[in-house]
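Below: the structure, in structure tokens.
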Amino acid sequence: MEGTQHPVATVRLVFLARLRDALGRQDETYPLDRPISVGALLEALRARGGPWERELAAGRAYKVAVNHEVVAAGAVVRPGDEVAVFPPVTGG
Amino acid sequence: MEGTQHPVATVRLVFLARLRDALGRQDETYPLDRPISVGALLEALRARGGPWERELAAGRAYKVAVNHEVVAAGAVVRPGDEVAVFPPVTGG
Amino acid sequence: MTVRVQTAPFDVEAEVAALRGGDARVGAVVTFLGTVRDINDGTAVATLELEHYPGMTEKALEAIVAEAQSRFDVYGVRVVHRVGPLAPTEPIVLVAVTSAHRADAFDACRFVMDFLKTRAPFWKKERTPDGDRWVDARVSDDDADARWG
Amino acid sequence: MTVRVQTAPFDVEAEVAALRGGDARVGAVVTFLGTVRDINDGTAVATLELEHYPGMTEKALEAIVAEAQSRFDVYGVRVVHRVGPLAPTEPIVLVAVTSAHRADAFDACRFVMDFLKTRAPFWKKERTPDGDRWVDARVSDDDADARWG
């Protein structure tokens, strides 16, 4: 039903644990009016420089979930989605 | 120390679980004034006939413990020992 | 006392608390609780009667615990086994193990149960609608024991 | 509710009783309790801080439980995981499993813990004498996960 009455032109980004500390924010509303790949979104975030470039570099160990499902770089992010970026899990 | 002051000329026989029911007794004091093998003791018990011959027949599944240790037919029983005969365990 | 045989019920929480003993090296506690089923091999069971061989049974359980402690990296092992009449859903046996990490705690708890089932002198009699019957040893328990080599 | 994430302590006895629910088909109850150690990788730990990702964490735990229920012959599986600050010796996670027989109960409980450690979105931060530090993922946990193929 999303988008039929009130078109959404953003995604919600969520940063967890060590990455939240390193990037200095817990979440943000990010403008997005068309589907893009996770890889393209990460590239856009890295372009912010500083900790973004460092923490989200290709060789770093982190994961991305779209709408609570862990995905690979080729997955698609659509307006209205929730995208989370987090380090490897260390629970239990 | 056993036997130095009061020489023992018996062993205690213990029958457990299904074998106790089948043999009609829980324990008995059995005369024994010299070491014999477990096999020889079982042979003497089988010679009682009836349930003894049937339940302690060579092909039946039962075990013998001497002083709380499970042993084979070649083990030695000495005066003063406790000899238990019981079916395979079914605990827990 | 790491090993006990008793007719009285046991308190799992109290046993586990005593075993943990506030030890902050412990990261993993695995417990096995065996309970009376109302069906065994397709037969309805009203009451189970558990018998042991006083003296030998305690020694056998202590030997099983000592073997587990030598094979696995664990801090504490506790075994409490009930005897006497037991109704369906009643606890029969508790095995609790503490360790720094979960792999040793799981291995040791399972090892103790597998050996307990095949080595410890306990015998079960079932009271069924068709009368009493002694439970036969299970082949699958011998298989479980053989896993440990 | 078979899966819960909460800051409050949990009552192991009450959780297990609810899971057993007086079901006389149950013959085996295996529980894993994870507790805070005061030493991790050689460093003294004063307090652990556990974080989760609300929504995704619960879904991940439910998926792990569903997978365990499809792989093993179990009646019930319950997972309670705490978040927030936790002191040494405090319980972090409880996994409880009921089954007719012990093999499935042990397998399912261990499976859930191995997958929980590697798949469930939880992160630990340790407060040590040298300051706070996020805990790194353990290679041994990935190995344990790989065991299940």
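A, B, C and D are the chain letters, set down in written order, and residue numbers restart from 1 in every chain.
Convention: contacts are C-beta pairs under 8 Å (C-beta built on N, C-alpha and C of every residue); 3 or more make two chains touch, one makes a residue touch a chain.
Model, not experiment: these values are computed from the prediction.
In terms of the stated touch criterion, the partners common to chain B and chain D are C, listed by label. The greatest centre-to-centre distance from chain D, using averaged C-alpha positions, is reached by B. Between the CA-based centres of chain A and chain D the separation comes to 27 Å, rounded to the whole angstrom. Mean C-alpha positions place chain C and chain D at a centre distance of 23 Å.
With centres defined as mean CA coordinates, chain C is found 50 Å away from chain A. Spacing of chain A relative to chain B, judged by their CA centroids, is 75 angstrom. Counting partner chains per residue, chain A has no residue touching two or more of them. Listed for chain D are residues 34, 113, each touching two or more other chains.
Applying the touch definition to every pair of chains gives A-D, B-C, C-D. Of all residues in chain C, only 34, 50-53, 55-56, 59-60, 81, 92-93, 113, 116-125, 134-138 touch chain B in the complex they form. Within the complex formed with chain C, the chain D residues making contact are 12-13, 16, 20, 22-39, 88-89, 100, 102-103, 105-106, 109-110, 113, 140, 144. Residues 14, 16-18, 21, 61, 65, 68, 84, 86-92 of chain A are the ones touching chain D in the complex.
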